[in-house]
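Two complexes come next, and they have one chain in common, chain A, joined by chain B in the first and chain C in the second.
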Partner chain A sequence: MITESYSLFKKDFHSELRTRYAINSLAMFIIVAISVILFSIGNETITTSLTAGLFWVVIFFTAMSGLARAFVSEEERGTTLTLQLIASPSTVFTGKLIFNMILVFCMNLVIALLYSALFEKFIVQNFSLFLLTFVLGNIGLAVASTIIAAIIAKAGAKGTLYPVLSFPILLPLILTCVQLTLFSFDGTRFEEAKFELAIVVGYDVIMLTASYMLFDFIWKD
Partner chain B sequence: MVWKIFLFLLLAFVSIAGIVFPIVEKPSAWYEFPFIPGLEENAKIIFFHVPTSWLTVIAFLLSTVFSFRYLRTKNLDDDAKAYSAAQLGMIFCILATVTGAVWAKFAWGSFWSWDPRQTSIFAILLIYGALFALRSSIESEDKRATLSAVYSMIAFVTVPFFIFIMPRIMKGLHPGSADDTNAGPVIDFKMNSNMQLIFFLSLIGFTILFFWMWRVGYRSIIIKDKLNKQLTGPLAG
Partner chain C sequence: MSSYSIQSQNLSKLFGRRLIFKDINFNWSEKGIFGISGPNGSGKSTLVKIVAGLIAASSGKIIHKNSDDEIIPEKLHNHIGFVSPYLVLYEEFSAWENLKIFANIRGINLNEPLVLGYLAKFLLENRKDDLVKTYSSGMKQRLKFIFALMHSPEVLIFDEPTSNLDDEGKKVVYDIVREEGKTRIVVVASNEMKDLEFCNEVLLLEKFK
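Up next is the complex of A and B:
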């Protein structure tokens, strides 16, 4: 199953390299979103908590702009039936999840680097906490947005529906991650952030389990 | 029929009693409510706010249970039940939000202050809204039922976080928050017995009303589907 998932991922990866659709649109979206924020801030200095919030706002909307492609592209090209024939649902989901996960990690790395360069208050005091939040948050974001993307693709690829469906599902993750990012800016120790970290880990595990269990129903018509 | 009259009388009694019975310092007569510090005259809305938010959760639970059953049986009647429960849940969720906001205006000073409870009810409202947006976007009946069932189950695994965990660990104004000094819900400690009686009668009355509305709702959906099939059936072949 793992080798099959890997070859599915490789297929997506090669087709992505050929068209560079997701990479280009995500990169442009990040630049546009951050520059809009910078324009609206102007010369003012914003607080640390606002910086942490805006960081996750950009991450959320960038994810919403690019991650639906994973399944929508299969529907558009009409390759869904072939995939259904050659691979089991969980294999397909794993392949798509790996692809989205890597996309999310790259995109958020770029956003984090841009933020640290452009925002004065983006100073991480507790780096290991920030890294842990970043990794756990990205995993949760990738899992939730992949399963919602599968629903959207079957619902006829309505673009506006994607953020509408994803937002309530991602809200607990984003709220907790904003809090944790703020902790890492303030230099809070691990012991004090234990509870929030437990929530994010729990969210990731629950989301992953639920996604694997429910994907069969979405995938098989 | 008898139980409908009984329900009418029960809800009429609860509504009148909840609004009319006076709040006094030292309740002596059977119809007098105690004066609860911090709640004062606002305490009366508890008879309407708590049942609506309780039914929001019950409706969500029912919707998920029948979504789960739909995924197992593929019987469209189960989907009608889940959909009808979600519709009612939306109504009760709006009512809970509005009554909560009115209460908040007089108890905390503003209609909306992003208290953890308010954030969680807002998130549930968004989930219901997203569910209806998803349903209205799909033409095919089976596909609509399957996808909305999957979505409501995914939403259900995140909802406990909103309703049960977040409001209790975060500092807030609502009873039951982490920094609540009243040491527990208002119901157990501060109410006297007649207030508790009206409160639980109201809870029971609204719950029966909910199940009645739910039954009417899903049966009308099932009958509507059946009629649609009969009307379009011969044409479709």
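Up next is the complex of A and C:
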């Protein structure tokens, strides 16, 4: 299944390079969102907690602007039926998940680099904790965004439905990641962040399991 | 010889409260050409989609068997070749790229001599490296036949097979239907009498309302 899923990922990757379906909207959103935050702050110095919060706010809304494309683009182009005829549901979900996972990591890496260059208080004291939060948060974000994208792909008013449906599902992840990011800024030790890390790991595992169980029902009418 | 069979048991489909068809029973086995006929809106496409495992029936069931072993829905796509006007291939890729992508996602090696033979048969050999978005609707329809045949499935399902095709294209399709019907199950859904000419049996959907 992994080889087939990887082939589906490669198809999506080459398709993205030719159509720029998601990359352009993601890049524009990152630039616009960070510019607006910087303009509104002006010469003020914002606190570390606000910096951590704004970091995940930009990540959340950027994900909302681009990650739905994995399934929405297939539905809009009418190629969903073609995919159903060549691959099993689990192959499709894994392929789309790999694509969204890589997109989320690249997107969030750019956001993190821009934040560290442009925001005074974005100083990571416990780098390994930040890295772990970043990796686990991105996995959760990619899994949740992918399954929600599959759910909304067949609905009308997709653009509105995606953030509305994602907000309650992603809220526990985002809130915990904000807290963990703040810990990494404060230099909190791993042992003291165990509880929050367990929540994020639990979220990722539950979301991944539920997604694979649900996808069969979502994928076929 | 193929020992594949498709059984329909009291198959019914409703969209909301609207009945499309009810209590369809058939047993298609080994080989042959099986037709599905009916006027527009009678449920031909709905029935072929249910047979292909693309949508669920409201009640009753379809059983695909290969040598007495029931095929699980997860694996059904490996045994089906499907052509219809509403099937869309990836327009940002060339015909050849599309076929390679489909083979890779299916987890099989692209049988190049076979596919090149089909490209020649459907008069697409010289255009195989052009993007599909530059194709006419008839050329796209021809490419869909290669998509359906490339993995040598046990069942071929052709919904409105000759739509958008010129006379030469129709002739190739009829040759394919006749030829493939000798060794495997070919299902043709159409309201064109000419498309159903070679069928061993035809299911009239008006009878299942």
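Note that in this section the second predicted complex is superposed on the first by the 219 of 221 C-alpha atoms of A that agree within 3 Å, B and C clash if a C-alpha of one lies under 4 Å from a C-alpha of the other, contacts with A are read in each partner's own complex, and residues count from 1 in each chain.
Going forward, a residue touches a chain if its C-beta (ideal position, glycine included) is under 8 Å from a C-beta of that chain, and two chains touch if they have at least 3 such contacts.
For clarity, every value in this text was computed on a predicted model and none was experimentally measured.
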- prompt: Which of the two partners, first being chain B and second being chain C, lies in contact with A:19: first, second, both, or neither?
  reply: second
Task: In the overlay, answer first, second, both or neither for which of chain B and chain C A:87 touches.
output: second
- request: Using the superposition on chain A described above, determine whether A:218 touches chain B (first), chain C (second), both, or neither.
  value: first
- request: Would you check which partner chain A:121 touches, where first means chain B only, second means chain C only, and both and neither mean what they say?
  value: neither
- prompt: With the two structures laid over each other on chain A, which partner does A:3 touch: chain B (first), chain C (second), both, or neither?
  reply: second
Query: For chain A, which residues belong to both interfaces, chain B and chain C?
result: 221
Query: What residues on chain A touch chain B, complex-wise?
result: 144, 147-148, 151, 154-156, 158, 161, 164-165, 167-169, 171-172, 175, 195, 199, 203, 206-207, 210-211, 214, 217-218, 221
- prompt: In their complex, what parts of chain C are in touch with chain A?
  reply: 52-56, 74-75, 77, 80, 82, 86-93, 101-102, 104-107, 147
Query: In the complex formed with chain A, which residues of chain B make contact?
result: 71, 119, 123-124, 126-127, 129-130, 133-134, 137-138, 143, 146-147, 149-151, 153-155, 157-158, 161-162, 165-166, 169
Message: Quick check on the complex: what are the chain A residues that touch chain C?
response: 3-4, 7-8, 10-11, 14-15, 18-19, 77-79, 81-82, 84-91, 95, 220-221
